[in-house]
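Working notes for the structure below.
Lettered A, B and C in written order, each chain numbered from 1.
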Amino acid sequence: MYKRDLVSITDYSLDELEALWTLADDIENHPRRYKSSCNNLKLATLFYEPSTRTRLSHESAMIELGGNVIGFSDAKASSASKGETVADTMKVMSCFADIIAIRHNLEGAAMVAAENSRVPVINAGDGGHSHPTQTLTDLYTIRKNFGRLDNLRIGFCGDLKYGRTVHSLIEAMLRYENVSFVMIAPDELKLPKGLKNNIIDAGAEFVETACLEDALPELDILYMTRIQRERFSDLSVYDRLAGTYILDKEKMQKAKEKMIVMHPLPRVDEISTDVDDDPRIQFFEQVMCGKIIRRALILDLIERGSEEPIRRWEDIDAEGECTNPKCITHHERGLKPKYKRSSNGSLLCAYCDCKIKNE
Amino acid sequence: MYKRDLVSITDYSLDELEALWTLADDIENHPRRYKSSCNNLKLATLFYEPSTRTRLSHESAMIELGGNVIGFSDAKASSASKGETVADTMKVMSCFADIIAIRHNLEGAAMVAAENSRVPVINAGDGGHSHPTQTLTDLYTIRKNFGRLDNLRIGFCGDLKYGRTVHSLIEAMLRYENVSFVMIAPDELKLPKGLKNNIIDAGAEFVETACLEDALPELDILYMTRIQRERFSDLSVYDRLAGTYILDKEKMQKAKEKMIVMHPLPRVDEISTDVDDDPRIQFFEQVMCGKIIRRALILDLIERGSEEPIRRWEDIDAEGECTNPKCITHHERGLKPKYKRSSNGSLLCAYCDCKIKNE
Amino acid sequence: MYKRDLVSITDYSLDELEALWTLADDIENHPRRYKSSCNNLKLATLFYEPSTRTRLSHESAMIELGGNVIGFSDAKASSASKGETVADTMKVMSCFADIIAIRHNLEGAAMVAAENSRVPVINAGDGGHSHPTQTLTDLYTIRKNFGRLDNLRIGFCGDLKYGRTVHSLIEAMLRYENVSFVMIAPDELKLPKGLKNNIIDAGAEFVETACLEDALPELDILYMTRIQRERFSDLSVYDRLAGTYILDKEKMQKAKEKMIVMHPLPRVDEISTDVDDDPRIQFFEQVMCGKIIRRALILDLIERGSEEPIRRWEDIDAEGECTNPKCITHHERGLKPKYKRSSNGSLLCAYCDCKIKNE
């Protein structure tokens, strides 16, 4: 099965990403040239859990390329409820579609999907593991605003402990030169240690602070996320802190004139609506960028139908289960474990990137 | 954001409605001329509550114009469940679609949608408040049958107290000359006083009766609705009455030869299936009319992309909450109240048309 | 209402089936010739219960013919929940679509649909009654592999008592010459007596066995189905038996080189994944065949729009209710019973083929 997939953002090299931005710009500037590029082709959106924005972004992108869409938006409508494996479902679905976008609650599900589909697979989110089209969207938004992805100071604010979007964007930005990071979060929601070490190992500049107001003036980009009340064991802490991390008109006055504010959406109340008219607020433009980059991605994957697929595991003579209970290896019948080594040599599950037990 | 919307039937002037009927007739007579009118355009059907008929009518209309469809058919599949406001959702969705049809359970939601979307919005029903494409459908069906919308005697039968469809059609018919009304309902389900006064104020002829059989011979149009058992505090009253309001073969013999029977569907048992073959039964033709007029509406709204939008509120220096608990102003974060004055000078909520508290 | 439907596999004569295989082969060999055959036409998929595979197979087929799709994938989204009859829904839906595929939990629902739709209706499964597009798929898969539908030895393995797919394929294969049957099942799940008698009456060779391994060497086709644990009153019997009916690498060694294995999918564990690479495993090819034959079916039905519809009942002066509690006659308001005679003269319900009470 020759074809390329997007399971993880690292499936694309920096050069391939650069080509993708160029293609996206060209599609946006000359939409008519591409309006029939996917005529007679079908995208299947297989959403085992609902995510309207992500689903409709993919569907819009495909339709704007002249293609068609089939699929489901909820697991109850799928054969999963009848006990079918992801592997079998993908073998069936690749009889119907020319490209597949899958959203699944289990971590590593997208890799299983890619390995069993005859057609390109886009990971539209597999649990807390990975959501590479969101990262593509974020990178493309930054590049559109600054013309570059290096030499930037980016602040992340809010829930840095659990935020998958934040983790992925940090990892992606570490591939570019001279990016410095400011992590703005309360103690309860600070960046995980492992990721912090990755930043330090990469030699990138790194600051931690609890104060949004102080950090703002130096930033090129402020990436906001929502703080969930449920994350706090002591709710009085939450109530005291919450306001500190709300971006409003007053705080915006401290930011650079060319700074931009991003947000993966939906927002709840972490950004006051009274700043929506500020031109630095870019989260609805981010949605538009998401649609544009997905057009480029779909087209790129379809055109690379004869390439050798990415290999995501190593031939390691090992045994042992994945330590992640949400990993697909614990839920998919007949799925054999696959391994890889982390940079520091420890054995990882190739599906979800978590550690292997008793190794 | 220049563009027109259909939030309420009064968004269209009588002249604009006339132009819409003409366009609808032309589309129906020359479907091939219009089969590519919406090529490369997308309708989003955002249905926060299910309504298959209304949704598929819009979707069919768009497809017959050569357009495409994206969307969701149930709130659970939407970002609303993650706490996103209607305003934010519309800002996102108007990145994906060229025109939006929204169905929402809250009253006034369609106005919020229109004010936050960059693309035209069609109100496909906002709670008990308004359902203007149903009213368009009803008006177009009458006009197709009689060649006119004035000089008609129209009977409404069934639940006249709660029936949103009935209320909207009455308001719409009051804009035409010499329309007389016969209200056929049990005491429990009589027309609300306010609406009755509107009819009287407009100088239209108006009769109330409890007997369908007596009213039938004089009618040009009989508009049937369902009587819901739950509406009666004393169920024995329901059981005694129900049969009286069932239209059957025997009753149809008393009606004019050119009379037509309409129904917003679904019917339950208020119209006996043994009259379905009677040519005066027009409710399935009404469904067809609904699809045709929606084609005209979609095309019209898309072509009016550069017009000043309708302004639905007045600059009134007031305070006070809407008295309607189902109004969106009580549920949407960050939504400021907007006001307008009724013809008799009282202060109304601009979103749902209900009174403002303590004013 | 002139048009043809597919309510039951017997709606198509053997000659019509032959023409359908030829059309399917031609579409597969020359897809470009047919890629605009259904331009400007709409398929409605009305799925009162979810069935992703069957729905997407129809939708893919329609799109590959250049057509469009509307519909719903779950009953909750439909007007059925508001008490609308199948008959009324079909009258409405045939205003929107040019062809309809309906899936319903009630037996006989597809016949009601066909009788009330102005456009061709495809039965995509009506309860335990009939699922003719699955049977078409199975027949077409066999014909593609062997070039014929006669002179074959076909084994059915697993749940032969309740398996609708099995029953339909047996009835369909009985129309061809010199087909012999091997029924492989535990005592608890043997073929129903009535169907067994049909095979004997048709003069076809017929063997029953409890041992898959013994039966394998002689088979041209092995049709596997899932054994459901719930079917056994004594679970220890299930636990003892289950393994016997699992197809694995070892058992496959006993089969002919040109034998094929079919399965209606989804499989659970009745076929070990370690045989998936065996070229005799044909169930994913079966999915592909399902899409191809549905393209032919849709095209054929649309082109036969002026033919006299099939008559599925006889003018019998009878009274009496259907004995099948899952028959639509017990659930659809205003539906009059229709009768027919079985080959042995007993009175049957024309909708679901079950016996009539007290006759």
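Going forward, a contact is a pair of C-beta atoms (placed from the backbone, for glycine too) under 8 Å apart; a residue touches a chain by one contact, two chains touch by 3 or more.
These numbers come from a predicted model, not from an experiment.
Shared contact partners of chain A and chain B, listed by label: C.
Both copies, chain A and chain C, contribute mostly unmatched positions to the interface they share, with under half of the numbers common to the two.
A straight line joining the Cα centres of chain A and chain C is 42 Å long. Looking at chain C, no residue sits in touch with two or more other chains. For chain C in complex with chain B, the residues that touch the partner chain are 40, 42, 44, 68, 70-72, 76-79, 81-84, 87-89, 91-93, 95-97, 333-334. Listed in rising order, the residues of chain C touching chain A in the complex are 35, 50, 52-53, 56-57, 59-60, 63-64, 69, 73-74, 265-269, 272-273, 284, 287-288, 291.
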